[in-house]
Every structure is written in C-alpha cells, then in structure tokens.
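Labels for the chains are A, B and C, by order of writing; each one numbers its residues from 1.
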Amino acid sequence: MSNTKTSPGNCFEDFRIGQVLRHATPRTVTRGDISLYNALYGSRFAVQSSDDFAERIRYPEAPVDDLLVFHIVFGKTVPDISLNAVANLGYAGGRFLAPVYAGDTLSAVSEVIGLKENSNGRTGVVYVRSTGYNQDGTEVLDYVRWVMVNKRDPASPAPETVVPELPEAIAPDALGDACPLIDAEAWDNELAGSPHRFDDYEVGERIDHVDGMTVEEAEHQIATRLYQNTARVHFNQFTEGQGRFGRRLVYGGHVISLARALSFNGLGNAFHIAGINAGRHVAPLFAGETVFAWSQVVEKAEMSGRHDVGALRLRMIATKDRPCHDFPLAGPDGAYDPSVILDFDMWVLMPR
Amino acid sequence: MSNTKTSPGNCFEDFRIGQVLRHATPRTVTRGDISLYNALYGSRFAVQSSDDFAERIRYPEAPVDDLLVFHIVFGKTVPDISLNAVANLGYAGGRFLAPVYAGDTLSAVSEVIGLKENSNGRTGVVYVRSTGYNQDGTEVLDYVRWVMVNKRDPASPAPETVVPELPEAIAPDALGDACPLIDAEAWDNELAGSPHRFDDYEVGERIDHVDGMTVEEAEHQIATRLYQNTARVHFNQFTEGQGRFGRRLVYGGHVISLARALSFNGLGNAFHIAGINAGRHVAPLFAGETVFAWSQVVEKAEMSGRHDVGALRLRMIATKDRPCHDFPLAGPDGAYDPSVILDFDMWVLMPR
Amino acid sequence: MSNTKTSPGNCFEDFRIGQVLRHATPRTVTRGDISLYNALYGSRFAVQSSDDFAERIRYPEAPVDDLLVFHIVFGKTVPDISLNAVANLGYAGGRFLAPVYAGDTLSAVSEVIGLKENSNGRTGVVYVRSTGYNQDGTEVLDYVRWVMVNKRDPASPAPETVVPELPEAIAPDALGDACPLIDAEAWDNELAGSPHRFDDYEVGERIDHVDGMTVEEAEHQIATRLYQNTARVHFNQFTEGQGRFGRRLVYGGHVISLARALSFNGLGNAFHIAGINAGRHVAPLFAGETVFAWSQVVEKAEMSGRHDVGALRLRMIATKDRPCHDFPLAGPDGAYDPSVILDFDMWVLMPR
C-alpha cells in the first residue's frame, strides 16, 4: 500500500495570489525556550534578561527576545512555504506589533502576495506576507519574505507575474507598537552594560562588535528544532553530504541571532528590534566557521508621540572567519566581500 | 583509606524474584525540560506544543510528551538495574496511566519479575516491571523491560529460571487512562498539521516519514543527562574509545524520540502514545549517523466507552543512513536489514 | 567614523584598591536555566532535582544549584574584571549566603582588594571580592578571585602592592546561611540515592567518583553562554586557532560543575555547597577530553546551633583522560600529576 499521508510541501505551481495559508503548529513560548535561546547566542540585553530590570522601566516582566519570536513564527511557515525552496532570497517590511511574554502561544498565517516565474522555467519566486499571532488573536509580528521555489513540472504554464511593492524601510511612525512606554529615567546604564543612549549615536557611525562566535552542528540543529523549523538542509547529513555543499547548512536566522548577540558590544542599550527593513543571506554558513559582525547607523528617528525612546536604523553585517575592524562589505568588484554572509537592515529602539 | 561509598551497580547475582527497588532521584519536570526535549527532537505535535490548542480540546494545559515521561522514569532505573548491563534486550507491556504536566515530580520503582541465567554462565537476563509515579503517588507509566546483566562471579549458582508471560500487545480496553476525554470537534486539523484522522488510516498501510535527522555527540549527551540516565557507555569517550565500538553509544531512547518526531510527517494527529507493546534496539546508533523512520498500521481499535479518539497500533521502524521510501525491514536472509536500528510496536491515539 | 562604543575591558592600570564595579547584566534565573544546567552536567542531587523532596525536608521548593548561582555571578564579572586576563589564578573565601529560587534575579558587584604588578612589568595580579545579590538586595554569594591581567603599557608605573590576607578556609560557624533548617528525619536516603550521611564519612577518606564525562565544544559553549560569560577564549575558534593552544579553552567553571556532578557517586547526600575555601584551575581542558574526579574528606565540622546537618570539607580533584582509582594528585617531582586539571577545596553540607 503506498504512502499518501506525508506532506511533500508546496511547489511553485501550488501558490496563487491571495492564497492564505494557516500554518501548523501553535507553540507556547516558555521560560525554557528563553533559556535555550540565551544559551545558544549569549544574549545580554538587560530588558530581556531580567524581570527586575524590565519591571523597573515599566514592562510587566521581561519580554521574549524579538528574534526568538521571529524564528518561531518563521519556523511555522517553512512546511507550507519553503520546504522545496532553493533559496531564501530576502525579507522586508517586518514590524513587531505587540510584546510577547512567556506563556503566550504563537501561531502564524501567510498570504501569497507575489509570484514570478524565473526565465529558466524550472523555478519561481514566491512572495508571502507572514503574520504571527498570540493566543488572543493579537498580531505580534508581520513581515514579507520571498523565496525561490522549485516547479513540479517545468512544462506547467507560468502564472501572471505579480511583484509586490515593498517599502525600502518601515516608516518611523509605524514603529514601537511592541514596546510599552518605558521609564527612561529608571534605565540603569551600568546594569544595562552601556553608557551610550540614543543621543550618543550619529548617522554614519560604524561599530565593530569585536567578538567572534564559532558555530557547532549541535548548536544550530538545537536552535532550528527549537523553532520547529523543518527545512531539511539543516539536519540531514546523509542527504546533504551528497548535495551541493557536502554539508548541512546553518539556518540563516541563526546568523541573525548571533550577529544581534555580538552587537551588544557597542549597542548594549539597543534593547528592542522594532522593524526589519530588509534582510539578505548573502552566503551560507557552515558549522565550524566563526561569525563576526559590525553595524552602521543609517538613520535616526524620534518616535511620534513619545520621548522615552528613539529609533536607530542599523545596517548590521555579519561575516564568517573574518574580523570586522575594517568593516568588510564590498569587494573590489563592487560585489559583497566574500566573507560577508548577512546584510540586515533594521530599526532598533534605545532609551533617550 | 579505601573507597566504599560509590555504587558499583547490581550484578546478576544481586537480583531475586519479587525484589522491589525504589529508585533515586525524584525529578520535577518543568517547562525547561519540555523546551529542551523539543529542541533535541523537533517535535511538532500540537497538543504538547501549545497550551492554547490543548485547552481547546479540554486538556487543562499542554501535557508533557509521553516519551519525555518514559525517558525520565527509565533513567531512574538505570543505576539499580542496568549499570552493569551488557545489552538492553527489549520492552513490553507499557502503558501510560495518567497525564503528566509541568510541575509534577516523577519517581520510579521496579520489581524483579523474571531471571534467567544464560548458558555461558557469565551473564543472565533480568526482567523488571518499572512504574513511574507522580508526587501524589499516582501511577503515570508502567512497562516491562529485560536486560542482559553480567554476573559478578561465573561460578555463582544460577537462580531458578522464571520468565514472565508478557502480552504480545496491550489490549485496547486497557488504553487511554493518560488521555482525558477530548473535544474532537474542537480539534483543528490545519493547526495540528494533518488532515488525516483515525478513520483515514487502514490496517496494513505503510508510511515513509521521509525526513532524516543526524545525531551529534553533544545532542545525545545533553538528552541522556536531561533524563539523569547514568549509563556509562553514552558519556565516556576515554573508556569507550578502548571498548567494543571505539565510540560512545547513543542511548536507545534517543532513537525512539527521533523516530517519533520524524513520524509527525504522516502521523501528525497521532498525539498520544497510549501503550508500548514491544520494543527492540536492533543495532546501535553512533553520533554522525542519520536516523530515518517509517511506520506501518498493524491494527485499529475503537476505545471502550469513548468516541473522541481511536487507537492505532503502529510498528515504527528506524534506520540509520538509509532513507525509508521502500520500507526497509528484513534482509534476504530474513534477519533485519543492516540499516534497521529500532523495531517499536506501540498504540497511539488519534481524534476521530 | 571610528568606533568608540565597544568595551575593550579593563587593563591592569585601570584597577585601583577600593574600586567598586557594578556589573551588567542582571539575570532572572528560571526553570529553563535549571533544566539546561541539569542537561549539561547530569546532576542528580535530590534537593535541587525535586520540588517534592525539597518540600518534605522544609525548603519552600527546590533551590537553584549552588554552582549555577556561582557561574551566573562569575559571568557578570568577566567583562569588567577578566576580559583581558591571561589566567584565572584562584578562588578563596567563598560563601553561599542565601538560597536562590527560580524567579530570583541575580546581579553582581566587585571590589578591588588587591593589586600586585608582576616582575616582568607586562602583567599584574588583580584581587577582587565579588558579591552576588538577588532582586531584594540580599547577598546570595561572595567570593574572592584573583586573575593575571595584561598591562596596557609596560612602561606605566606599578601601583603599590597590596595582597589581601585570605583565609585558608571558611570557618565552620560562617557556613550554612543559604541552607534553611531542614528536617533530617524526613530525608529519604533511597530517594536521595545514598545511604551515607554525615556520620559515615571520616577525615582522610578518599572517594573515587568512578565515572567519566567527555566534553563537546557545543556543550561548554552552551554552558558558558548560559552564564553570560563573555571570555573570548571559549567561543572563537578563528582567533584561538591561531593562539597558544590552537583550540578553544573550556571555561574552568564547567570543570567544577562536571566534577561536582560526578561526585554524586560517593557523595550523594552532599546536597549543598556552603563554602569555597580555595580553587585552582591547574591545567586547561579542551573539547574531546574526558573528565574524571575524586574527593578527599579533609575536615568535619558540626554546625553551630543546628543539628540537622554537618559540614564536610572536601578536596575535590578533577583529571582529564585519567581515571581516578588511584587518586592521582602529585607527580614524582611534587608538582601536580599532568592529568590534574582542578584542585578545589569546599565545604558541603550533609544531613545527620
């Protein structure tokens, strides 16, 4: 008797504009998940690390790290969106919309907002807007990503091309919904680990985050399973050993979290990621390689109607096996320096 | 001054029929343990993953994964039963008897129910029934296992042979005590990740779970210590490097959990393991190897007095470094295919 | 624009006698942290493992493992004290002052109590007393450590030499503040895993803890990040691969916790570390090596005003790739045996 129960994932032909996919599996985020997240990346932002610190600035308790929320929501979309993906091409238009606390249950829904078959006729690009919800139906995160997906049959006709208009960046007045009004006077720079607040950063400033973190197979596998991300390339050495790289690929989100944790050294008061303007995994990371990072302040914005925090737009670059004291980015040919693996454009909030 | 404080474990001569062993160490199961379990296996069953999903079908909250309960109870028995074991030969007659929730404290007691010296005079087989209890003294799990244990002295006399009669399978009407009456109408297939319920499965049906998971040394060590399982072969490369395999052995229960997590793809609504009919670790697994799995529906049973769920008897086979699209089991000589590492016969519950 | 935001850590010239450093980042200890701690070391002490066991002997709930508290407090001191350390030379005068429970938030403050430039003029020794606090400002731990730190400029003048007087050991009447009065009658030896109580141990007695535990890179990295310890030598293979050892160094505290967990076999009722008299990391540990341990009872003390517990002073020795049946310590030249990596002198409490 043959097997018809397993999910083969969707191919390019399976997507249509306006299609809405309710993803499995809802996930209650716990203190256990937070501990593992901290242990995998070494995050040190005080608001997420300490209930006491969070409460003093008027959070009800320490919130869940923004990127842990992102990875869990992202993970849910994988079985429906990117199981047959050739590449995760980019992110845009991401906003954190409500704080998440331990005990909240996250689920995710995606809408197909763009389709474009590639000229080779074998693959196409799918654009989805994915939204994460908590158990009350409140939106906690939404973002757009686009992936290159295999066609089932190269002969199947191409859909009408729809490429969504994506903002270059989230407008500052759309930021901050996931950050309650804080008491910036109660913010203790010493405990937070940095004397530098919003006003101390200048547009154009570049910061080398100095430290490097080597990734082990067990670490990225544990992380990626924690997010219930089922993409096969991260876990199956038997198959990947015969594939393009001969090795398992590290989940791109693991690199984002490593770079964010490293960025504490220089951005210790950047306690909240409020928006993801753009993100691109420039090159793959493999176990055994060491991640470094640097950031540039691209823009500064005051927050409409609030004086507790300001928004810094940061371009965060991660490299592998290459320290960042000279801010590697483009090579002599204008393309990315071969060490660059991540180019991530985000808004962070800092106390004023 | 010599050392008399350490426990050498029991040898075959130390066991007698009817002997009752109260095991150390009681263990409070927490949300932290659950997170680690999820991160080690990538489990995606919705009832265990989401308080919200669990509450909608009338659990008080998400229950602890059945196999996490099994591993913790099993782990407690190791120092008294199998520290000097040559092999863990099999399981039978296992039933989950009450749900376990975060905050419950588990302890374990074993009774020796069978003894049989091997003809070589150097080892014997010990059969125990192990029972797990929560802090109220409620039985949460019991199962029989038998192990081959070294004799201290080959010259010591053989005990009278007692081999317990073990059921080929748990009778369906003895299943379900650990599963509250659920509201199957409130079960959301999309959120659960599978459209297939009890009535959609047929006896004889085989399901390839498709995906593979490579195991790292750090992963199985972390798992096995989480269960406070002290069997030396899993942790000590210095000694094992000089032993039979030259490597640390992966705890057999790690394979069961990996296969169970992989089986989500094809059995996404099989939310509860109600009984363990039989289990055998056919061959060892080592770090670096990749686990695949397939299942066959062996039997279907309605549950006495309840219409919310039905029971599927599954034979779950795990292999290493061998995908399961053609359902590997027996080789040409009738023995197990060399890729097979686990042959596990269990009852699972599915909503109707 | 250049980078002035990152912390370079302190050099020898930056310390002065009496200087007080309030360390970042406060950290709420959770059940998740406790799970990870257990999974990394396989700890089996019943009081920390089971709420039920702890409550029966009159704890309000299972307390956080003493060494987890130590590592978290220690981790906070690293960015300010030892980021530029050449070596962590020793510990002394450590006392656990109040129990810590899940949900407590720990922070740390250090005072510089000694300075001594080395004769080479390139490094100096810094002595600090570090104190851990909970969210109420209650002291939970204090200890002295001294580290060898690089000078920024060999030409800078030496400070006046101040070497603090350190006690050879904590006096017994200064022990026990972190241990509530327990009900020793309610202590269940079987559940605790050992029949041996305070009166069963003799001064001079040596105990081989038998088992060995191999350390993986992923494990010590996960542990060290869990403690938010940022010392670079543990994480960065790119840099360390070009350094003195060609490899990442395992955090010394990881060895202490491994030895403590192994010591359960022989010291199962030694449920609480009350004081750290002295500690020295004799040699580095690297991933792939296997840790063994043995202990000697150095002193026994009754506790002033209480009859529930007694204090054992233990010298705990850890080795690598060397079982401890013959208690390796000194080589023929009187120096440490080359297998020895840790020499740790502590007070533990046992029920009477």
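By definition in this document, contacts are C-beta pairs under 8 Å (C-beta built on N, C-alpha and C of every residue); 3 or more make two chains touch, one makes a residue touch a chain.
These are the chains along with the protein names UniProt gives them: A, B, C = L-erythro-3-methylmalyl-CoA dehydratase.
From a predicted model like this one, the values you see are computed outputs, not experimental measurements.
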Problem - Cα superposition angle of subunit B on its copy subunit C, in degrees to the nearest 5 - result: 120
Handout entry: Interface composition of copies subunit A and subunit C: same or different, split at half
Key = different
Handout entry: Between subunit C and subunit A, distance of the C-alpha-averaged centres to the nearest whole Å
Key = 36
Handout entry: Set of subunit A residues in contact with two or more other chains
Key = 30-33, 35-36, 216-219, 222
Handout entry: subunit C - residues contacting subunit B, complex
Key = 30-36, 38-42, 44-46, 49-53, 62, 190-194, 196, 200-202, 204-214, 216-219, 222, 265-268, 288-290, 292, 321, 323
Fill in the blank from the handout: Interface with subunit A, subunit C side, in the complex: residues 1-3, 5-7, 22, 24-28, 30-33, 35-36, 79, 103, 105, 107, 135, 216-219, 221-226, 228, 230, 232, 235-239, 248
